[in-house]
């Protein structure tokens, strides 16, 4: 696209994060030009995050390109260290990196909670991979094996999906770049340069490791990741935006259920499809569901909310307006989840306020309070050792698990799961949860 | 929003380009929270540019914040050099910088051609400024004077609108940052540090000047601007995207005119309002028009195109699909505009192709070719001396116009207007305009 | 110097790390122009580090400017948060930041071990501060109080000397920048923005704190600092260069002691002054010693080594040549210090090698081995809680010590002192310390 | 050195400008480890420039590494475009890029005027290349052919020495980075990506060209280069430092000529060698001269000046002190060279001042004024078309000379040589050249 588009074998993209990205003019470029991948151009990487970090409007499309570019760097580096990689493996690994997140929908976190029951984007990614593989006549067979971790050389899967995969390397670096949160910056090239397949032949028993000189870079990566979670992904205002969007969706779903006339069906058809009925995760392979899902993007959500701002239902209109004009609720973290009597008292206070504001008639106010007062938990563990650990390779060829090394005692701490309860409500109601809970 | 939101007097935004931006918690923050300004979050700065530079999804909102932040820097620097600025002037200048582009619509360049006759965003900006001023009880009186250049100290207007205004400084720096086109990088802080009001009292006869040591930085700024025009704003693929979008709008407008059933009215109401009728520029002050305009953003355009992909009219469906899936036409620059017989021959070739492709029935194909074959000019002058010139202040207090200085002979060259004709058509048709015109 | 040198009240320096640095044209600029500060231009910040990181030639001069610039930012931010700072305090704090490291000598780490017994650069800094204060007629009285922590508002001392002082903020950011070790990058502006004096009046009982939202940034700072220690300051090749330089100095000192003719006194007089006799730390206030110290910089060391390359003593010539041509010894970390019999065996091996190489006659080889085989410890603690802790201020005005907070369990780990024994010897000798110690 | 030093085939350097630089462990690494190349670590790239830009202490060593790294990128890109490059050619081109500036001495610009008559660093570079080639048994034969432009494929020479060679690309990018002059930033990777050998076989008639889409990047490069010249390389304070150093050297040479006792021979021997006698350019191949030259670096100059600060000759002491403490003369540009009577009057004024200051006895003051009052010209042409032009390759395979293209009319302007006369004198004398010449 930008620049050098007449180059012989590559199409060049200009990316502010990685510089020039060279896309081979083969299967990889064909995949990029599919509607399924182009659709990622209309899905922001950070969901509601751009409402908190105004420079962070970047999309899942440029992230997918970036993950593929890092895969190129990693494979080149591993080759130089003696791990042979065939041309077909090279292309398959690039495809797997490019498509690893293709199953994401708009405002993915919110969507996973409210739009489809038990939705996991990995499952939709797999459904789309299979579908594309049909269209490309099996050209993605090996990429799917890598994705599924059934390929005979498991280190490829680790490059696509592990604690230190190309996905994480790109998104941390990229989200740090676009949000301006410099502490999240990760030395991506350094990490890639310290990766090594061990044993280098890369057979069935080989694994991706980090050379021992890279342990501080890995530790720094984990800390940066933790910092990005608390300062960006789980930022209080991001949580507030997420809660608000979920409230809108629940309200619309209720209207559909009650078949109330409310103009909810003036929302975008692709979105209404998922709100009018409850799609279950095991319907994702159904072609109708898959096709609808593939037409759904951020514009449907925003368009619908703009329409619903004019709904007769004052609650739907108010919630939609709040989201569009970024007039979010307040989020307060609590030392522990509030007990039931306290919640009851708060709920009554919110209901009173709804009546006073003319948003809800008295008989319904108690029920409607559920859209204005929500509880949830933010949770994060920087290093999920149990899931798949990071092996450190010393100069004698021994591999040790990262958190067991004496130099990195901080890592052991980071394996702990941190859970923070929080409450979300309109500022104007005047709840004072800090005092209530502390007392 | 991000960080430090409990600070006493400022709300802090994290911007990847300028770092932290401090927004005073007064009129300025109130303005930012209006729906009119929040709407800029849903309008990309570069229109179709993000389809060429995948990292450049940044919006007019963050640009408006950036222009305001640079205004803070400029006013602070001018104060240090002895030009007194009152608190009210300070706030008014910030407001003017923040709101200078508020009248932009989605895909502004396209829109100025197809949506409203003789539209100029400055005119809509002014209408919205007046409207906001009403709502804020006259608090924007002075900002409007600055915008209109009727304020008694004209250097304020120059900071808001001139060859070296805060708008240009921010957008060049920002667009360079997000596209990854490093050559467009402008030494914004250096330029601001060399600005000086002369005479420093800043009365009615005073003007913004650049200290003589800054001439190379100014020259570099003009070259960078020129480079950004040819490599980004007027990139061939950007022109192709623009032509495609204009073709869609023209097709929809034709359906509305012919009152054909075609599902064009399933497009977003805010967009259809402007396509169903021909709004003239002098209707912009009409409250209905203004309100509709204020609900219009990128999501309406993209939502509508996604709907029109399913239109029965094969041409509308094809054009919409091409835009959404980034399957643009080809643009070829020509040494001079083609003569009529050649254009006729090309048109016939396109019409044949439309019939072959089943996009148009034979009787209509000649007329429909107008959607698939377009001609236009890209034009740009790096330095518009006639409009408002840049004065260089030497150490003896003399001001000389930039392009007249002996050290900057390149600048005189840049005052020339460069115009490049081009033709735009589907690659598959097989036109070979280079050969045809050269022969 | 660069740019804007005719500005009214400031001299502007162009710094690649912080951009433009504005130096007030008052005491601060006068201090910068003293020979004592200009001398810092000839002392590299990283000592032998530039021999490992070829881009890191930056000097203590630009670091001192940077620390002063950050002090300006910090004082401005604290003022905005309600802590009054008088003009005299402002200038004194800037002076203290500028001069905090003025007592450093060339290759400071090496020098502290070999050149002056029990040397601490803080002590020489204080001697020079007092001397400058005499010359400036007492203008530095308050800066010295701040330096000594006897000033009535102790938070000023914390800005100059604490875990999060301007010195550390600048050197970590700067060393990361120049070495290219991106993980060491610290969000300096973010940390400064979260600083707060508590209580804000800033009286005798007030302290510098970090607002609770800044804890992740602080944690990241500590991790970055740790990473810079292990990857830069205590890099194995840096340790090797340091050991080599110490060996040269010890050899020259031996020649002086033995009054051997060897051309050691062709070294730079300023350096020979400190090698010919053993200066003790309590002589630093002696004007002769102070004056000699002030003429000593990197050029004396390098000039002397280049001269000594031509010495008749083959050991002095060899050690000098190795340093100048960067032909360092090998450093190997050991799990624990080697036991005496093993050390004896190694020493014998080195002595044999010295004889074989013609560097030492057999009778002296055992003694000379001490220049070619050294043992030492690299040691570092990321967070020295006992020294002066970092207080975190929550929204209710309570201050808690950083390592006690539940969210930052990693910090507690970082309070541990890490000590790594190592051995240093010529590669050609063929010692295999890993095997020996492991066995 | 830094990182990854156990990699199989490459030694990795961490460079803040280009990131990781991979040095092949073959001839290239051996060359880097020679004393001749290591010596470049002690020669600053910008000579006195670091006294104006305090962050710019970078050396010719890291620049040489950078030029070699860019050569790797360029050769890789040209290969991808179909120009075959053999392994031997690859290594030879890397060697040529690495060694292209090996003949530079300390404060090169000053040295070329005062130390050796008619010195050109290219000539010394060639002498050193031949000398190294002897030592490496002819391994540099082809590199020397490339350097001399006698190799059968002339495009290699163009990569090493032309308007757009790797030397210029690295030094502009690097000097911009270290000085903080952002406008000088050059899109190095973009320029390299648009290079193409034409015809691609790269035979005797083939030349390096820039693809037509790269013309704006080239124009930007030329403007950046021009800007760096006027803002950095020919900065007034840089000129002043250069004049001062030349005055010191002339004074020392005079003492040697007069055989005055003055302690001039306490300067560094390597420097005194060149000041005691007048070496002519045709003596550079003389082994004694070459060896002396190879021991000369910045430390000798600075060490000598520090010694000469204590000279009995008050003029030598004063000039040396001024350089060491950065107390430079003033430089004023003049519209045209001053006429003789005016110069005479100024000279008398300076002589009076020298007597008043006790720097010179009355009888000698007129002659001594030549050290305190100097005239010179700064001169620069951004694009030296006559020397070797830049060819632009269009899509049809035609090559056109850059300055003849219609799109780049600014380039024609930049072919002009700009010459600025200036005068240099101590501020305290009170000359007012602006007035004198204007009047």
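Chains here go by letter, A, B, C and D, matching the order in which they are written, and residues are numbered from 1 within each.
By our rule, a residue touches a chain if its C-beta (ideal position, glycine included) is under 8 Å from a C-beta of that chain, and two chains touch if they have at least 3 such contacts.
Nothing here was measured: the structure is a model prediction, and the numbers come from that model.
*Asks:* More C-beta contacts across A-C or across B-C?
*Replies:* A-C
*Asks:* If you average the Cα atoms per chain, which one ends up farthest from subunit C?
*Replies:* For subunit C, the chain whose C-alpha mean is farthest off is B.
*Asks:* Measuring from the mean C-alpha position of subunit A to the mean C-alpha position of subunit C, what distance in angstrom results?
*Replies:* Whole-Å distance between the two chain centres: 43.
*Asks:* Find the geometric centre of each of subunit B and subunit C from their Cα atoms only, then give the gap between the two centres in Å, rounded to an integer.
*Replies:* Those two chain centres are 51 Å apart.
*Asks:* Could you check subunit B for residues that touch two or more other chains and list them?
*Replies:* Residues 3, 19-20, 181, 190, 231, 395 of subunit B touch two or more partner chains.
*Asks:* Can you check the complex and tell me which residues of subunit B touch subunit C?
*Replies:* Interface residues on the subunit B side: 3-4, 6-10, 12, 19-20, 80-82, 189-190, 193-194, 211, 213, 395.
*Asks:* Per the contact definition, I'd like the list of subunit B residues that touch subunit A in the complex.
*Replies:* 1-3, 5, 13-17, 19-20, 33, 35, 38, 41-42, 44, 50-59, 61-62, 65, 177-181, 231, 235, 237, 268, 270, 295, 298-300, 302-303, 306, 324-327
*Asks:* Looking at the complex, which residues from subunit A come into contact with subunit C?
*Replies:* So the residues of subunit A in touch with subunit C come to 181-183, 185-187, 190, 216-217, 219-221, 223-224, 226-227, 230-231, 395-396, 407, 409-410, 412-414, 416, 418, 434.
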